[in-house]
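Structures given as structure tokens follow.
Both complexes shown next keep chain A, but they swap its partner, so chain B is in the first and chain C is in the second.
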Partner chain A sequence: MQRSLLRLTSPRRRSLFLFVMAAPAALHVAVFALYPILRGVGFSLFQMNLMQPWLHRFICLRNYTDALADPEIRHSLIVTLIFTLGCVTAELVLGFCLALLLWPDSRFNRVATTLMLVPITVTPIVVGLIFRALLDPSFGLIGYWLVHAHLAPPQGLLGDTRTALPTMMVVDVWEWTPLVALILLAALKALPSDVLDAAEIDGADHVRRLRLIILPMMLPALFLVLVLRVTDVFRTYDIVFAATAGGPADSTNLLMLSAVKQGLLFFDIGYGSAISILMTLCIVLMAAVIMLTLRRMDRRFNES
Partner chain B sequence: MKRRPLLAAGLATAATLGFSRRGWSQTKPFDGMTLRLASVNDQYSPGLKALAARFHQETGIAVVVDILGYGELQTKVTTDYVGHTKGYDLATTDNVWAPQFAEAGYTVPLNDWMTRDAAEMKLDDIYPVLFTALGNYKGKQVAFPLAGYANVLAYRKDLYKSANLQPPATMQALVANAYTLTDKAHNQYGWVANGQKGAACAQDWMQYLAEVGGVLVANGQPTLNTPLNIQSLTTYRDLFQKAAPPGAVNWDWDGREASFRSGLAANMQTWSVGALGYFDPKQSKVTETAGLMVTPTADGMKPRYGIGGWGIAINADIDDRHKDAAWTFIKWITSPEIHIALNQLDACSFLRRSELHDPGLNRKYPFLSVIDESFTHGDADFRPRVPQYPEIQDILGTAVNSALVGAMTPAAALAAAQTQALRYF
Partner chain C sequence: MSRRTKGSALLMQRSLLVMALLVFLAPILWLIMTAYEPSRAIQSVPPTLRFTPSLANFASIASNFDLPRLTLSSMVISAGSTMLSLLLGIPCGYALARTRMRSAILLAYAFLAIRGVPTVVTLIPFYLFMRQLHLLGSWWAVILMNATLSTAFVAWMMYTAFRAIPREVEDAAIVDGCSAFGAFWRVALPLARTSVAAAALLCMMFAWNDYLNPAFLTRAETRPLSVALLTAFGGNTTSGWGTLGAMAHLSTIPIVLAGLLLNRYLTAGLTRGIH
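Let's look at the complex of A and B:
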């Protein structure tokens, strides 16, 4: 065995080594990601309610057509897209501003960076419960005063169909902007200082350096942040479930709430899986759009 | 020489142990067995856990009690049944799950055992409505009553007195009183109920609807948008908008209870299981002024007191020996003596006439006559006991909340709900 390995040429040995090193990760992905997705695809092709096992049967794409025709799912999709777009945009802009502010190395910035981790460490469901309590117009430390100052509707920010979704977006932004800022800060710190120094010597002001040097070099980090956050926000469940349960009316009824309801409340595994697979496709589509857009931007920057 | 006495002593000990072991196993046929019980996290669960040790002592059966949240319990138990994984031998079962479990055959029908052991278990001491409400579906008893709750009206005696009002005898009087007792300038509200989208608001409205004579399923078909139901939801919405504390449209059970215990709301329909807390200074600011009474119904209607609570069911997948042991536990925990002991541990969950008349429990719970009256004239069907209940509850959860927050008119909300509900029948 050892001899046969020794007989291998150097590139082949290297390939084998890389294969062996990557195998555990590949196996992990196959077992814990790919297999469940494929099972989900399988379930989604069946009429499969766990409470009615005698009615299980193959129905091809019927769950998908039903989901796409279901007004609740369509409404939830729109709410989820608005929620995702709003949250990711705000987190990206605020996170980038925070990262720029924290870029210079100082004791204050180091302390601030550490403190920024606090919201990320709180479990999302607890965040939902905390904000629900804080914003309650009868008992909440913030909500009570907001209503009395006429800055919130009488039923509170989470009790009004016009304000509930924007409020949930603010909560999500509060929790996850620090993560975005930290990733972007790491990317800023990794920028080659000689390029930045050269631009400064050449007389480029802050805005030009940001637009022409910093942003183009940060495209990989931006891609990472965007894909991470879009994937995460699109699948949001806990915060909204704890704070509003999808209400008032259907104003915060995200797609994930509908999928979980179908799967774990009605035990309609077929329909719930179809919604989940549709969500996965949406995420893949959005990730592809982000990737293509950033690649195009990268080319444009390189050409200019 | 020295070995003989030692040997004799050893043999004597072995014989003694052997005999006693045989005697032990005769009285404890399931000695050494372990049962796993999934229990919802409710007022009675700590008592259940505490009494499991006593059961172990008496029978040799160890009962491992897993206390889970409502949703977690439902998911875990159902997937256990569906996957035939035998993770739990016993599970506390919400009354609204019984129809689904019965149809799917996930839990053991207890009828034969109950007939066999009726005298021993003193079944006629248990309120008949609890058998129906807590686990019976079309005659099949798929869960045995464990914790009966009555829907009661909690009200503020002091506010009624200062407004020269009598506790409401009818639902019309309750609505009128709620408006009279609302004084927004002094942060006082006449009414509170669950308003949050989903199970919370659906369940509270169903209770209110039943008390004015509304029906949600008739002849196997949904009847969500009848004129009476629309009228009921309109009155309910008005109560929320004019007599409920701000934010009530986003409250579930916790918010609703907090508003009564803090003195914010004057009237609240609620489950009796939480009533002990109103008289506990650690949890309540209205210990001296809270009163409990049976829920009113519409003028001229027969009493229709909502009954809820939990049954306890045996997993149909486990082997016969475990099923017998599980039935032994059910008999034990629901026996008169042990159920009183459970209530001495603050369970506030009742089953038997004898325990509602027990002097010790009456001292601890000064409102047992209200529960007795509610159980005697209880209504097991104020929430439709049909397999489609989860779907109906969810649909109504959105419809009722939409009406409460003004996103839809009650008529439009219930019409949309009816259209959706028809898909499941």
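Let's look at the complex of A and C:
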């Protein structure tokens, strides 16, 4: 009697079981992610520097208005936006080309796909350091020759305010293009082959097939890659910190570097939190814009 | 298309791929090489690739760093973070995939959104939180921090994986006398093992390679390799590149090899994890 009752799979028992399965993770995320985020929002409304605890007071949105008026933060925002736009565009274009090259199934391509994973797995701090060493103007294997051929400024590509940001973009593109290529490759391989065959029989050439059939069907994958890369590039820290630490003269000082500097090195918790929450708002805004644009594009392609 | 144009197209495609691979692999190979290069050779002007190999850099890191301790820290942090994330994330993903509640999808999206928040937002309050709990500087602080990000990610990934498994398979097991947990443990989980492997590998990679969280949450005795790598230089640019190469043998090559060996799962994880 007792046993059969236990085994009874009533909907209520079922939902209780599922609730118990989900609860630990939800609780963990609530305590260790949601609670800190909410506290961060709280901190951002206070003048709060751990080095000057006697000055703590509620200042409402002053940290936000200060951040938006701060020339360093404005500069960081512009640098971050240029960095994000440049990196994501280059990664999407190059990644798509790579995916197309890797698309035909062969032994050679399978080996190449595997080796393509290497940059993704390397520790980002190491990536930053490798390029810092290679591009060094006095002993770097690439940097020395570039400077001597007058192709780079005498302080090296990472030492000049004009070239440091584009160079860091190249480093980010080097690290993450393979990821974009692998995700797009998986999407290419999932395309229904009958549609592609039909298009080939109908005499559609390569370019038209790509533009009219492959690209529209790839939209969901492109959207995911775009959101993933935009949100990740916008908060880049490790590679830039290791390669230039934001310099020279703040030319590569991304928002994430500013936020960490204010919050965790200067202990200006209120101001640092405000900057990071502004960053989160930017990320949410960009993700929403991408989502809406792609949904509209998707609808247009499917109707016509 | 004639056979000849097809052949030249193939040649073109392969040579482009070889060039791309050279660009992607050469910097890593250079790094590995510097480890065997005496520091004077690294700074030779003009720089060359010719040198007499030596193991001096390895001797130097062994005497300057407590390597077993650093490696242990890295291992404890990545294994702990991975286990905790899987333990919390897998059952949660299962529950989200099986519930009939409409709002479950919202929770799944909330988990995904947590992944999008920049680390620094949580890091500042988390740092103070850990200080209050007297966990600052311990391995636990980093493990708990990594697990928040990874649990959300694992839950999302397993949610999509379990949704792809038809319910009927489990219903049959329940009719045969399996408990609700048994249906999950003995039927659904083995069917989703590829995704579990992918999730585990990605959690491990993230925890092993992460710099920012352990840099602020650990102290000298609990520091992992990724943090030691940078402090090894201390901004000194004229020496220490050979030491970096030697350190990278410990810190970077294991995770790269793991990625290469388990690449099947890694690609599955990278592509499914975001769908």
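As a working rule, the second predicted complex is superposed on the first by the 271 of 304 C-alpha atoms of A that agree within 3 Å, B and C clash if a C-alpha of one lies under 4 Å from a C-alpha of the other, contacts with A are read in each partner's own complex, and residues count from 1 in each chain.
Please note the rule applied: contacts are C-beta pairs under 8 Å (C-beta built on N, C-alpha and C of every residue); 3 or more make two chains touch, one makes a residue touch a chain.
Computed from a predicted model, the values in this text were never measured in an experiment.
Touch criterion met: A:A186 reaches chain C, while chain B stays clear of it. In the superposed model, A:T163 lies in contact with neither chain B nor chain C. Legend: residue contacts after superposition of the two complexes on their common chain; A:T84 is shown touching neither chain B nor chain C.
When the shared chain is aligned, chain B and chain C each come close enough to touch A:R132. Look at A:P36: by the touch rule set out above, it reaches chain C but stays clear of chain B. Shared-chain residue A:N63: touches no atom of chain B or chain C.
After overlaying the two complexes on the shared chain, residue contacts for A:S76 are found with neither chain B nor chain C.
Shared-chain residue A:T123: touches chain C; no touch with chain B.
By the touch criterion defined above, A:L264 lies against chain B and chain C together after alignment on the C-alpha atoms of chain A.
Greater residue coverage of chain A by touch, when chain B is weighed against chain C, goes to C. Residues common to the contacts of chain A with chain B and with chain C across the two structures: 132, 136, 138-140, 264. Within the complex formed with chain A, the residues of chain B that make contact are 71, 74-75, 78-79, 82, 100, 103-104, 195-198, 200, 245-250, 252, 255, 258-259, 262, 264, 387, 390-391, 394, 398, 401-402, 404-408. Contact residues on chain A toward chain B in their complex (touch as defined above): 50-53, 132, 136-140, 143, 147, 154-156, 158-161, 244-251, 261, 264-267. Within the complex, the chain C residues that touch chain A are 13-14, 16-17, 20-21, 23-25, 27-28, 30-31, 34, 42-47, 49, 87-89, 91-92, 94-96, 98-99, 101, 107, 111, 114, 116-129, 144-145, 147-149, 151-152, 155, 174, 177, 179-181, 184, 205, 208-209, 211-212, 216, 226, 229-230, 233, 237-238, 241, 244, 248, 251-252, 255-256, 258-260, 263, 266-267, 270-271, 274-275. Residues of chain A touching chain C in their complex: 7, 9, 13-15, 17-19, 21-22, 24-26, 28-29, 32-37, 39-40, 43, 98, 101-102, 104, 108-109, 112-127, 129-134, 136, 138-141, 144-145, 148, 174, 178-179, 182-183, 186-187, 224-225, 228, 231, 234-235, 237-238, 241-242, 256, 259-260, 263-264, 269, 272-273, 276-277, 279-280, 283-284, 287.
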